[in-house]
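Look for chain A in each of the two complexes below; its partner is chain B in the first and chain C in the second.
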Partner chain A sequence: MEDLGIQVLKSVVSGLLMGLVFALVALGLTVIFGVMDIVNFAHGEFLMIGMYTTLLTSPLLGIDPVLTLPLAGLVGAALGVLSYYGLIRFLLRGPMIAQLFGTFGLMLFLRNLALLTMGSEPRILHKGWLVGKSFIVGPGVVLESTKLAAAVLSIVSFALVWWLINRTKVGRALTATSLDAEGARYMGISTQKMNALAWAVGGASVAIAGGLLVNFWPVEPGVGLLFTMIAFATVALGGFGSVRGAFVAGVLIGLIVNIPPIWDAMLRMIDAAGLADLQIHSFKYTMVYAIYFLIMVIKPQGLFGWKQ
Partner chain B sequence: MLEVKGITVRYSGLPVLREVSIKVDEGRTVGVVGANGAGKSTLLKAIMGSVKVTSGEINFQGQRIDKLATEQIVRRGIIYVPEGRRLFGPLSVEENLLLGAFTVEREADKQKNLDYVYEMFPRLAERRTQAVGSMSGGEQQMAAIGRGLMSTPKLLMLDEPSLGLAPLLVSEVFETVRRLQEEGDTTVLMVEQNVLEALELSDWAYILQTGEIRSQGPAQEVLASDEVRKAFLGM
Partner chain C sequence: MRKVAIFAAIAVLAVCLMPAMAPAAPKEIKIGVIYPLTGPAAAAGRELRAGAELAAKIANSAMDGIDMTMAKNAGIKSLGGAKLKLIFKDHQGNPQLGADLAKKLILDEKVVGILGCYYSSVTKTVSAVCERYGVPMINGTSTSPTLTKRGFKWFWRTTPHDKWFTKDLFELLVGLTKGKVKGVKAVPKAEIQKLAAACEKTEWGSNVSIEIKNFAKEYGFDLVANILYAAKSPDLSSEVQSMIAAKPGAMLFASYTSDALLMIKTLKSMKAKPKLIWGQDAGFDKPEFIALGDDIDGILTRSVFLPSVVKIKPLAGQVNKLYVKKMGHDLDGASARAFTGLQAWVYVLEKAGSTKPKAIQAAANTISIPGKQLVVPWFGIKFATKGDEIGQNVLGSGLIGQYQKKGDKMTLQVVYPFDMATDDMIFPFKGY
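Now for the complex of A and B:
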């Protein structure tokens, strides 16, 4: 029985930490969607580029991976702005389907560019302040410092974006643009700049998430897909365009992904012949997509959705 | 102050405005009246740079503005209160008003304008924290005009301010315009279907019909003309 208790506690802790990372990955997607109703299929590739930025610049500059995070953010923001002015701006004139294919094309382009320059070998950080360190917070419950740092920085990033949107003049202009772009222009707001800002914030936050992730998750050119899918599920669950929704839904999905190990533990406890071999935890991402599907059918606007 | 010289606007090839010219002198109220679909809103949107002008030019205070982006035109002092109001529904009354002062740099000016709008529309002051989308149509129109005044515009353009309002509220809206004329030096360009009330308020009037200016003159004369009495007033 004690075994199960520890297992539950472990699952909840790692679920929370991972959930906060999922939330940070989804943050940029929901900001961009909120401001201009565009779904960025290349979101996971921005994450991948953030991962490579930290992986490569840390040894290059001779600084700890943690210190490269601002650089990853900068690269992400630049990538976002570049994508907006170089591609998205033109897609906006076309129909919805052009926008979908446009960001899908951006995804393929970035992924293959990475394949060309980085190769397909998965790589991960092997040293740094965070790597390999952990705290034991209870019997059997271990906090890895890589994941703890990622979770804390996720909360900090959310706080910053929340402050930007709700407490600054430019944030109010961003909100106005997302509610009614033409109406916002009549207020003297440059909606072009607001769109670019949304892409900068979106690119920066997801690239920082990448820089944190590469401490404990190997990077390869195709790494983005899994995270794009999870981010889509997160944004759908939280409500398209909702920052608060992305936060809550990210944590929820982190917990959901970590529930199957509890079942495994229960199965082991019952020790029914053959059942333990089922390894239910290997279906954890299936759970995420099942929930994504359910949300789409039952409550398409999500938990905190405010856009139609 | 504002001079629209022979502009033509096309929507997917079809001309919506044909060689339209109008002039608005400083301190005056100019009314553009015409039936639904005559191109009245398109005219104002063309001035705002919101729809593309195929030919002709638009000058404001002696400078060409028809190539400028909407937000630059706003910064020059032209404010457009759009048809259907286009308020930011989930935001509060005060947040909407402050967005109207987006181009105002000094905090003190912003506060002064806010006080002025609240003094003019006490109902908005009472409801300053309420979501603007939850207010009645008349109150929303007050909020839209109030938001338009938040940057002390040189030229205020009202697009169908009485549309969809109950008769009592319609008079209230026109009363507001009258107060603006008396109190300030705001120049007003108003587009209306409500011909009688709009022309009673205006100094100069244009009649727009299927994308062309049909006639123009001092508002009282236009109002008394046979053309208007027959076509719009049913007399």
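Now for the complex of A and C:
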């Protein structure tokens, strides 16, 4: 029984950390969707570029990987603005399907560009303040430094974006653009600039996340997909365009994928070795998508969605 | 005038007969090679490709200083010196894509045969395509036991498979308890009685998982956790938590490259302290994995080729030298087996003396390549033609190596078979 209690504690801590990481990755996606109703398929590639930015600039500048995060943010923001003015602006004139294929094309382009310039093999950071460090708190509860840092950054970023949208004039302009772009234009809001701002914020937040994640995760040109599959589920589960929703959904997903160790501890407690063959670990993401499916049936706009 | 007429008649006849008289020997023989050149196993793909390319280079030109029949001739002698042309395709770890590529190679490129595909899951679909079209396929690097259990007529596998490799592991574990391992006193069995395994969940890993389960039972060990996980997963902490909570003496893995890196990083961050860590080759045998440095000191990996093999096999040293020149590092399990896979193709074609599928099939079914022709430490290559493993090379064998840091350099030392050990084994693993 004690084992089970400890395992629940461990899983909750691990789930919260990973959930905040998922939320951080999903933040940019939900901001862009909230403002423009565009699903950015290249979101994972922005993450990958953030990872490479830190991986390459840290040894080049001779500074710790963590200190390169502002640079990763800048690269991400620049990439976002460039994508908007160079591609998305034109796609907006077309039908919804053109926008989908457009960002999908951007994804393929960026991924293959990375393949061409960086090579296909996974690369990792070997040195850094966060690399290979973790703290044990309590009975076997581990806080991995990279995930902890990403979790803190996640909370700060969400707070900042929430503040930006709900408490500032720019935020009101963003909300106005997302509610009714035409109306916003009549009110003298430069919707072009608002859209570009959304892409800058979205790009920067995910690239910074990437710069932080590379302290723990290996990076290769296809790494974006690992995280964006979850990010899409996060955004959809939380409600498209809802910042609060992405936060809650990210944490929820983190907790769900940490259920299997609790299940295993339960099996050990009741000594039901036969049930171990169920291989619950290999279904942890299935559980995520199953819950996503349920929410979609019960509440199609997502947990906190307000757009129809 | 008459003479001229006869001469003209002969000349015309000669011209007419020319194509019939000249043997239908092609100038080049196209072999389709399907490997994961991008995606999570791209690092392996690079080695595989280089291994196959090196074998083709040796086969296509006469080379001195390599004690191998195919190095003596330029091209395939029985086919008039025809050169091998490898056409590489990238399956990205995707079985469906692999099958499509195989179709393209067969129908558009008209390849004579196929080599590949590393991922057992892709080999499974590609070999099914080859079987349907009656095109021979030689597999050098996929180790799922089920591949040769299907009774295919057009599929041959040179590498030993996971059942053998997993048995090697259990022989090593038993050897540890009996004091047979070089440099380690007999370990009380209780120390390594409990085992925990985590295998990636495609064709390859899930079969390793089954073999581990079966052998654990047979050899009397307790498998306290047996986890399947998705190699393309952003997080492995729940898997590692479950393994640590089961308090195993040994942790066993079947992982591809990216997930092997993430697995070691997660084990380290969660401060895992097993007495022994063993990996089923693949991700545990790649340059990126070795770059983890101190974190892998003492980890075991099964392999079919370790650089220290050159100490016991001069031919391996000769080929390894060429490989180092090409790639800047030693042959590994992937490249040495890709080399051997293509080498098998060369010997089969040489024996067949034809590019007709039927002739190749007959040659493959009767070929016998002695062990001294190979870079890998096997007894040779001879394919089973009856029984429940049709097409399987029955003369293969495996090795278990251990990463040991010597000075600044990470080396891989043989610890099993016991009589081939190149250094004392580090036991127990120092833990994180």
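Here are some notes:
Methods note: the second predicted complex is superposed on the first by the 303 of 308 C-alpha atoms of A that agree within 3 Å, B and C clash if a C-alpha of one lies under 4 Å from a C-alpha of the other, contacts with A are read in each partner's own complex, and residues count from 1 in each chain.
In this section, a contact is a pair of C-beta atoms (placed from the backbone, for glycine too) under 8 Å apart; a residue touches a chain by one contact, two chains touch by 3 or more.
This structure is a prediction, so every number in the text was calculated from the model and none was measured.
With both structures placed on the common chain, the touch criterion links A:Ala176 to chain B but leaves chain C unconnected.
Of the two partner chains placed around the shared chain by superposition, neither chain B nor chain C is touched by A:Arg167. By the touch criterion stated above, A:Arg185 is placed in contact with chain B alone, chain C being left untouched. Of the two partners chain B and chain C, it is C that touches the larger number of chain A residues.
Chain B meets chain A in the complex at residues 48, 50, 69-71, 74-75, 79-80, 82, 86-91, 95, 98-100, 102-103, 147, 151. The touching residues of chain A, counted against chain B in their complex, run 169, 172-173, 175-176, 179-180, 182-191, 306.
Here chain C touches chain A in the complex through residues 37-40, 42-43, 45-46, 201, 225-230, 232-235, 237-239, 241-242, 244-246, 257-258, 261-262, 265, 268-271, 287-288, 291-293, 295, going by the rule given at the top.
On the side of chain A, the complex with chain C involves touching residues 3, 7, 10-11, 14, 18, 21-22, 115, 119-124, 126, 132-134, 136, 140, 142, 144-146, 216-218, 220-223, 225-227, 230, 257-261, 264-265, 268, 276, 279, 281-282, 284-285.
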